[in-house]
């Protein structure tokens, strides 16, 4: 978990300081240097240059900022929608619950690609629209999660007694339900940010997300694909960085879960 | 049941082997796109690479020598007014079905194509009627003068097939009734097609000729190169420019380079501000970094375009006015147009997945940034961007459409009519340019082309210069083909590369050197 | 039980209808030009007009949708706009390739995942456990498309050990094709006793299967580890140990058995997703399966194909979900249905 935290921290740091770290920041904004195209990694260009002469290292560094924004904003959106709907479903119950559950079923059985395509094609391909598509397909899991938690808490005796006293739902939710739910949600968010970044990169790889010259990692890999067997650096480095970032988030999330999930606490003592 | 199985499997195996026995001379064409087969010769115009060898036309055009080859027609004459065309057919030509080709068959197959009205059938528009003079002579009577020799040489819609075997369902089941040196054998989905030699081809067969051809869809450039290197593949129509030096260095491979009639152009939306301002459009034409595009987007395998007619197609002329990359002139024109400091934002649509177009767009984007003009690039699938481009409301359409174009017949006139003619609703004229004078002159040029191609070419040049002044479409490059083949495959250059029949290889004229 | 089944089926039916309806809407509101896709780039206005009528696009949307639905039940799933061939035919042609890849890949993934998970659970928090956990987590974090390309680079180009693309050597496919019995190259080549074809098919399968296996491996490793540890912490295990039952029996009989349930559920759920989700792996390895076909069709808005695939996917998801739940209930009598 520590490793994970370190990785995430490094990522955030690089992302915020990207302009300072990148040796050729203008490359990330669209500058072109045709004479220097397709150069292998060297001291001047740590990760080499791409087919238009841009420094891949600068592109990757600038891409970290983009991925950070993408990951957090999309996750926030998915969580926002999911938690709200999950709370409504769990608390109010009845046919509304059934309806929301069926809705989550529907969205879960829907191929992400199709949804992303539809959204990006009717709104125009762009990173923002890809984020919307990912958020829309991600909320069901949070909805389910929250609903599950709410349902399990509902049955607990202290809730019954609180209601017997006459406590209102809003108070109940904010005082009792939410704190329990937040822990689980937080753990999942950490895990998911990494995966969300991965998914949006995949969409950009297909051309449905970020558009040139945005230095999004998936897009960089896509542009390097045609010649990657000879000019391997354009694909390898951004992918490696993407992998490590997602890995860091996952390790962090796993570690958090282990710490906070009561069921798993036993192994620390027993076994 | 069991007996059938025991007998069946060896039979299938034997059939497979018999069809493509190891001893036969086989060539493998590694295709960079899907082998999307349209089986009806009247309908299809997408997969010339296969049907070019299976079906034949009356004539074929070889631009390198500016000549017509009599394929199914040995010779032809045209009347002085360009309205009556008489073709003398070759004798003893057999269809793959066994029937003999004659004037009745020619008339019937062309009439079927016209009647079906699909695909490229509209190339026959000028034809009023077709007459059979005698079994080996067919006569076309036209409504208005038109270069019929060019029309019958089209890459689609002009195939002659056996009218007795021309049921659409029969074709769709995978059958062919052509006259070509090869017959269609089988195909697997979109990946593979196989043709093998037709023993009774009118041209006869020599030992050493290619006896069967396998077309294989191999999307990855690296794989195509590896297959060529090992000899598992014989020819590929395209290889990523970064890989070409490797192919060149290999003594077993050769690069076949040559012009194509495919050009890449920016179509500016003349109906939507700010691009409805011709001065602005002209200014933009001087901001395109043509040399950079040729080098970085096409790796040198493109030629800067001169006008709207591709290089080596008649109508191309050195005297066509050209735009060059000239930032100073661009700035002056921008100021004249009312944008001395730029400050414009434009949206460009290009083909999703097309590396060449993407790089072209990015290079222009970087160049425009110097003039404080922001270019937004959107990669979209053809279907979607065409729908937006054909939206009835001009303001909903894109500002700039990056597109390839190429002619169906070896003539620049229908090409120009498609691209800069008036079409309402829009079809392929995605700059929405409309100039009635240009339309009329193009029709005149077509009439001229029937009898005096040189004069027609002159007229075409004038038309292009006139339109270029308005700059609705900015020509960028004429694409060149860099095909790679095994060095032991020999044949005339036009067999490997003929711009009039893009990507099609004339396998009949190719031998493997022993 | 019967009532539960009925309820699930009815809900499932509505889900499928809902999914197709949404897909229908999506494919129509997207700016698209099915007529041009059908007729081709040089389509004239007359041809487009005729195509509109032929494709039924001139009818109002609810009639179009109704026609599609009724067609589904009759077995007519439409004609692909690009190839003009029946969609069912094209899907069936490509299904065995995907199935072969996924079955092999997922089996590999689950097998290795379970193994890793068990190792971790046997010695939690040890060095081995931590290493294995990182490996498992990597499986989830790995960008599949990138991993596939790296595998190609390393094993295909640098080491030259394994082929880059395709299911089988091109030469074998062209000169000596394995007669199609099941569509699974491994089985068919064994049936035909063609061992060079078998070898070729196997070597071509390695890299794509590896790419596909990563995610199931990671998921199952984590799941097994968590579940086994959770069960090991439960009371009845302590009782068993107190009774002196040897550790490995405790492990095998009780822990494993209870952990299997969730694995089954997970397997079922991920199967369908993997089917479509491996399209990236398929396109990079040139694997002619349903995944890459889906992606192409979606990207060119070949809507009959897209709608059929969505129908199949929702159907499969619902059926598999139901099966998984039923199996779970059968395995663990504590679970009540309904």
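Letters A, B and C mark the chains in the order given here, with residues in each chain numbered from 1 onward.
Just so it is clear, a contact is a pair of C-beta atoms (placed from the backbone, for glycine too) under 8 Å apart; a residue touches a chain by one contact, two chains touch by 3 or more.
Remember, it's a predicted structure, so these values are computed and weren't measured experimentally.
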item	value
Chain nearest the global centroid, as defined over all protein CA atoms shown	C
Chain pair, A-C or B-C, that carries the greater number of C-beta contacts	A-C
Inter-centroid spacing, chain B versus chain A (mean Cα positions, whole Å)	45
Cα-centroid distance, chain A relative to chain C, in whole angstrom	23
Centre distance in Å when chain B and chain C are each reduced to the mean of their C-alpha atoms	38
Multi-chain contact residues (two or more partners), chain A	121, 228-229
For chain C, residues contacting two or more additional chains	30-32, 157, 299, 301
Chain B: positions in contact with at least two other chains	222, 352-353, 381, 384
Of chain A, residues touching chain C in the complex	3, 102, 105-106, 108-111, 113-115, 117-118, 121-122, 194-195, 198, 201-202, 205-206, 218, 221, 225, 228-229, 232, 235-236, 239, 242-243, 246-247, 249-251, 254, 263-264, 266-268, 270-271
Residues on chain A engaged by chain B in the complex (per definition of touch)	30-32, 34, 37-38, 51-53, 121, 124-126, 207, 211-213, 223, 226-231
Of chain B, residues touching chain A in the complex	221-222, 240, 242-243, 246, 292, 295-296, 352-353, 355, 358-359, 361-363, 365-367, 369, 376-381, 384
Residue ranges of chain B touching chain C (in the complex, touch as defined)	9, 12-13, 16-17, 20, 22, 26, 28, 36-38, 45-46, 117-120, 122, 172, 188-192, 194, 214, 216, 218-220, 222-223, 226-227, 232-233, 352-353, 381-384, 386-388, 390-391, 408, 418, 425, 427-428
Partner chain A, residues of chain C touching it in the complex	11, 14-15, 18-19, 22-23, 26-27, 29-32, 124-125, 133-134, 137-138, 140-147, 149-150, 152-153, 156-157, 222, 226, 229-230, 232-233, 272, 276, 279-280, 294-295, 298-299, 301, 306, 309-310, 313-314, 317-318
